[in-house]
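Paired with subunit B in one complex and with subunit C in the other, subunit A is shared by the two complexes that follow.
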Partner chain A sequence: MATYVVRRVLQSIPILLGITVLTFLLAKAMPGDPFTMLLNPGITEADLERLRGIAGLKAPPHVQYWRWLVSLLQGNLGMSISFNQPVATIIADRLAPTVAIGIGSLLIGLILGVLFGVISAVRKYTLIDTVFTVGALAGISAPTFFMGLLAIKYLSIGLGWFPSSNLVTPGLNAPFPYNYLDVAHHLVLPTMVLGVASIGSMARYVRSGMLDVLSQDYVRTARAKGLSERVIVYRHALRNALIPVVTLLGLSLPGVVGGAIITEQVFSIPGLGRMSYLAVLRRDYPLIMATTVLFAVMTVLGNLLADLGYAWVDPRIRYD
Partner chain B sequence: MFRRKPSRVLALLTALLAVALVVAACGGGQQSQQPQEPAEGGETPQEPSGPTQVTIAQFTAPNQVFHPQLTQSAYDSDIAGLIFEPVLQFTEDLAFEPNLAEYEISEDQLSVTFRFKEGLVWSDGTPLTSADYAFTYLNQMHPEWPGPSQSIVASLRGGQELLNKYNELRNRIEPENPEDRQEGVDYITYEEFVEQALPLYEEWLATNPIETPDELTAIVHFDDVYAPALQTFGGALIPKHIYEGIPVRDWAIAEVTKKPPVASGPYKFVQYVTDQFTELEANESYHKGRPNIDKIIFRVVDAEVAIGELQNGTIDAVGVGASQISPQDFEEVIKNFSHVDWWENPQFGYQHMFINLTHPLLQIKEVRQAMAYAIDRQGIVDRLLFGHGTVMNTPFLPVQWAYDESGVNPYPYDPEKAKELLAQAGFQDTDGDGVLEKDGQRLEFSLVYPGGTSNPVRQASAPLIQQYLGAVGIKINLEPLEFNTVVAKATYVPGQRPDYDLGLLGWSVTVDPDQTGLWGPNDPYNFTVFSTETIGPDYDRAMELIEQGLRTFDQAERTAIYKELGRIFNEHLPYVFLYTANDITVFNKRVQNVNRDIRGALFNVHEWTLAE
Partner chain C sequence: MALPEQDVREIGALQGHRVEVETWGRIFWRRFRRNRQALAGCAVLLFLIAISVGAPWIAPHDRDYADLTKIELPPSREHPLGTDQIGRDNLTRLLYAGRISLLVGVVAVAVSISIGTLLGAVAGYVGGWVDNIIMRVADIILSFPLLVLLIVLASIIPPAIPSHYATMAVIGFVSWPGVARLVRGEFLSLREREFVEAGRAMGAGTNRMIFRHMLPNSVAPLIVSATLGVAGAILTESALSFLGLGVQPPLPSWGNMLTDALTWRVLAMKPWLWVPPGIMIFVAVMAINMVGDGLRDALDPRLKND
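Showing the complex of A and B:
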């Protein structure tokens, strides 16, 4: 097992390097640079050249990449051109809200998705299965911005239960436990909207997994032994049907860190999704590179965890 | 074995839940710790009754560059404008009047003297003097000045010469692309450039381009008469005692730029919470008197959501500064709210369709004029802006004093006239496909414009323009692109033919009507390649007029110059000038005494009051 992990980690190094080279080339190939969009008649070509010099863009591309790589290995992600801040600070500022919303919505999707999926599978082709199937389709199809605006209209502006945007109440300098509660209060709507969006696909996944398991020989054996349907479904079938869900969890790791551009926009949440989108629009090369590395590492790590988790819960799988 | 396996699934899920809770708690902690820091060393403890506060919606987060000359986003400028007080301010007619200082233009018009009011202080009690003035402007000529327009400040005595020397040196920096290397050039690195440029800067400083004979007087010298001097050199100052020790190249990233420790304007900076809000509090030592409202909050909120919050009162103002309300939202929703006041003012900016003059067909003047007749620009204003705007015919806004519509062709919507002009130019539909052609060349062009979330009205105007031009036999292929890509395509590189046919973009405009930077032979923003080759001898006259307009302070003389210049643009149409939109400002009625004229709501923020 240990050798397997070491081998996988070593294998991922050239993959990650390749990703950074490709990203660098693609970022440079985009039309314009961080200063194209300034659009200010007071700026001359000489002004643009001066700004490019300060931003370190006046060196040959391979030199720029090499400088970036060396400073990355020294633990320095560089300076963002458009935000005028260290890249590490920008990411750190936005990581916690992103991860909180990511994991929260994943849990909502997981818990409700499993519940609805099991019910659908057990009562397949009944009215309730149809209702859940239609509901799942609706959940998958409804755009998150639409769900977000609906939630804001009715739950925030209409009923006034939740704040409509941001993470903290401006000007509310609350003492210790209340500031955390304030943030939690702000997190409810975005987490819910994002979670609801993922219930549908999770439910469909669990439903098909359950149906598959329920037709297995050992379930038939269990029924033949005269076990109650409840024990069969929840003790024998569900636990096996959940094995693929563990894999799914590992694969959602990059999504948790990657953030949700649209939800973050609608709720004005300082998240990584919106930030990385802005980085591309603004041609902020150091920020583009840093987010790519972050997402790539998470993807590689998520894949590895999924494989390991799979082996852990399913004894039929062994890595040597 | 069978039993143990499922418990592991549960274990994983439980672990995940635990992580989520911990992270959520950390997230909360990080975001909320900042508000706990006492502002300004605890000078202003919260009163039990709570301070008065006005919340203003900001649709896009600032970049946290709160420095009057370094901000590159209008959202940052709105905030920096409250923290840093300008030397001169506008009158209602957009003339300059004394604010921190009186000004006097010398007999020969080659220098401007500023005399500061006595007793001005920064919010920490340090006197605000002419030393801050000289420091603010002289540093903008530093070889590593991180802000955009050095060329404007180069009007200072010896400034252009200094810039030329910088450029000579800069041209010797090793090129990015190895293929651009030329034989016989002694290449230097960027670091060597800085090393060699610094002594030149020091030499220039020693020539005293800005003199400060005493603490209250600053005399600015120019090589040549520089008409926009009051606009360029009458802006907001930065505190010398704060920036002094920081290397100029780091100013944009300096902590003091992100969190300005002192203020000269009506409000002091308290905190910025990433992407969420900026909190400002009243400056007790503001020279016009302490503002009535204790706190101003600029809250980052999505435009759609802001309307709902305006409705339920959690936001007091929308459409302030750079965050513009869509006319449609205004007409269909906001106008019906009974608890708000609203007004509108012309915007300092306009939209245009720029034309690639190097395209052989678009180089024909009649084709461009036909397009101006064929597009129902008033229709665009009526339908897309719901009437909140004005059609443009020259690069001058109706609110600028340089604007003069006499002798200007208004190009009214007239498709018949457009067809006539095209027929005169020899275009005919010979193959009956609805598109005109001449010598086998079809009137078919691509129209590039920014898609995505940028300027919805401009985006909506593109298909209308396609329809209007299609009706007179000009086929338009719409090409919505990402903003930066459009600008990159449009940006002029001398000697290269631009890679577009037609495009839509907008300009923001300063109060001074100077056109420098937009039409010159080396200007990156000369999108259309406006030049003698493309429009003929009138180009040289236009360049002469732009130069003359800079060389006198006399407004009557300048008006005459810009009138002639406007006519040249109006005839040759390097742009089909489209429209200038109005800024609609909406305030909750509980905020009173808000300035309603063109200087903007924030102009008199210190005089705002709250209704009981």
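Showing the complex of A and C:
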């Protein structure tokens, strides 16, 4: 097992390196650079050249990449050009809202998705199954930005139940528990919107897994023994039907930190998704590199966890 | 495993029966027809295609004609979905947007299916270091944050290229790894089958083996993947265009018709401008997903006996 993990980590190194090289090339291939994107009409070409020199953008590309890689290995993500702050600080500042939304929506998806999926499978081909199946399909078919806009229009502007954007109420100086509640209140809508898509895909997964399992011999044996339907479904079948869900959870890991660019944009949440979008628009190379590396590491880690988790919940599978 | 049609006939004949064999297409149609959701999806999809293709004939106004005396009018008899910020008829633009959005979805998938099938087939059939390189590149692309990659690629493509072509290319190019994995998996299992061995023993070359013998045997999962892929591509296009990085106005797409809803005034006061295109995206994607699910249920060999 330990050797398996070590081997997988070693195997991922060339992929991660490939990602950094490709990101670097693509970022450089975009027209413009961080300083032309500042759009300061008073700036002269000589000033631009000087700024590029300071930021190290005048060195040949392979030298720039090498410098970036060396400092990354020393644990330094560099300075963001457009924010004028260390990249690590910017990411640390924006991690919390993104992770909160990511985990929240994943939990909504997990709980309601499993519930709907199980009910659908147990009552297969009934009206309730049709309702849930069509509902799940609707969940994965609805564009998140449209759901977000509808939520703002009707739940926020219309009914006034939730704030429409941002993370805190401006000018609110509430004491300890209330300031956190205020943030939570702001996070409800984006989390719900992302959760809907999550419920849809989870319910579809669980339904087909349950249908598979319910037709297996050991379920028939359990029925023949006279066990109650409840015990059969929740104690015997569900456990096995949830095995693929472990994989799905592992694969959702990069999404949690990758940030929902669109959702954060719609709700103006200052998170990682919005940051990575701005990084690209502003040609902020160090920030673009850091975003992709973070996401890629999470992807590799998520895949590894998915495989390990699979072996852990299903003893029939062994890795060596 | 089902026996080939001819074998079934011969065995039947030996036993003195006349055997009726259902062709593959018949089996497919019999199952697909029973699936009400898939049929409903088909009907909706055909309707959407019809009004999009027919847009030049059924649209009430000119696509880009801006009447600055009639800005942001609410729905009326003359403008059933009102007018936009510069006085263009919203219903007309919605119909034309369907052409662009559906076309981008289909062409993007055609691109990704072509690249993915070719690379996946080569990887699965040839194996060895070729397989290794192709699949590592696929891994790399799959480990990118998708939207960031799309945004970067969209800004690299020179502005001289029409934005809807650029969007098709970009979406198609980032979506091939999934297809390649699928085709490679099919090929790995087909490679062990007797007909492939027989073909090779008879001296068929690599090209012939891949395109004449193995690809036709992997068509079913590819059709399903392509159909569901179109739904995904339409969603991706709408998101990119919504952010202002996909299809560019004055060319309308369902996604870019929603961009203005990011301003509070339009969002709160002018719902006729952004709700209809949003509903169109949802309905189109839902219909295509229903058809895709129906195709999968009808084509999936694991469900043969129901």
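Definition applied: the second predicted complex is superposed on the first by the 311 of 320 C-alpha atoms of A that agree within 3 Å, B and C clash if a C-alpha of one lies under 4 Å from a C-alpha of the other, contacts with A are read in each partner's own complex, and residues count from 1 in each chain.
In this text, a contact is a pair of C-beta atoms (placed from the backbone, for glycine too) under 8 Å apart; a residue touches a chain by one contact, two chains touch by 3 or more.
Quantities reported herein were computed from a predicted structural model and do not represent experimental measurements.
Between subunit B and subunit C, positioned on subunit A by superposition, is the outcome a clash or a fit?
clash
Just to be sure I read the superposition right, which of the two partners does A:A100 touch: subunit B = first, subunit C = second, or both, or neither?
first
For A:M30, select first, second, both or neither according to whether it touches subunit B, subunit C, the two together, or no partner.
Once the two structures are laid over each other on A, A:M30 reaches both partners.
Per the contact definition in the header, classify A:L137: touching subunit B only (first), subunit C only (second), both, or neither.
Only subunit C; A:L137 stays clear of subunit B.
Return first, second, both or neither, reflecting whether A:P61 touches subunit B, subunit C, both chains, or no partner chain.
Once the two structures are laid over each other on A, A:P61 reaches subunit B alone.
Which partner does A:T3 reach: the first (subunit B), the second (subunit C), both, or neither?
A:T3 contacts neither subunit B nor subunit C.
Have a look at where A:I262 lands relative to subunit B and subunit C in the superposition and call it first, second, both or neither.
second
Can A:P14 be said to touch subunit B (first), subunit C (second), both, or neither?
In the superposition, A:P14 contacts subunit C only.
Considering only touches as defined above, state whether A:I157 meets subunit B (first), subunit C (second), both or neither.
both
Of subunit B and subunit C, which one touches more of subunit A's residues?
The partner that reaches more residues of subunit A in the superposed model: B.
Quick check on the superposed pair: does A:Q74 touch subunit B, subunit C, both, or neither? Answer first, second, both or neither.
Once the two structures are laid over each other on A, A:Q74 reaches no partner at all.
Please write out, lowest number first, the residues of subunit A touched by both subunit B and subunit C across the two complexes.
Residues common to the subunit A contacts of subunit C and of subunit B are 30-31, 149, 152-153, 157, 164, 265-266, 281, listed in rising order.
Of all residues in subunit A, which touch subunit B in the complex?
By the definition above, subunit A touches subunit B via 30-32, 36-51, 53-54, 56-61, 79, 82-85, 93-94, 96-97, 99-100, 103-104, 106-107, 110, 149, 152-153, 156-157, 160, 164-168, 170-175, 179-180, 182-184, 187, 235, 239-240, 242-243, 245-246, 249, 265-270, 274, 281-283, 309, 312-315.
Give every residue of subunit A touching subunit C within the complex, in rising order.
14-16, 18-19, 22-23, 26-27, 29-31, 133-134, 137-138, 140-146, 149-150, 152-153, 157, 164, 254, 258, 261-262, 265-266, 276-277, 280-281, 288, 291-292, 295-296, 299-300
For subunit C, which residues count as touching subunit A in their complex?
Where subunit C meets subunit A, its residues are 37, 136-137, 139-140, 142-145, 147-149, 151-153, 155-156, 231, 235, 238-239, 242-243, 255, 258, 261-262, 264, 267-268, 271, 274-275, 278, 281-282, 285-286, 289-290, 293.
In their shared complex, at which residues does subunit B touch subunit A?
1, 5-6, 8-9, 12-13, 16-17, 19-20, 23-33, 35-36, 46, 51, 53, 55, 61, 63-65, 72, 143-146, 148-152, 163, 166-167, 170, 173-178, 190, 193, 249, 252-253, 257-258, 273-277, 279, 295, 297, 299-302, 304-305, 308-309, 311-312, 314, 482-485, 487-489, 491, 505, 507, 515-518, 522-525
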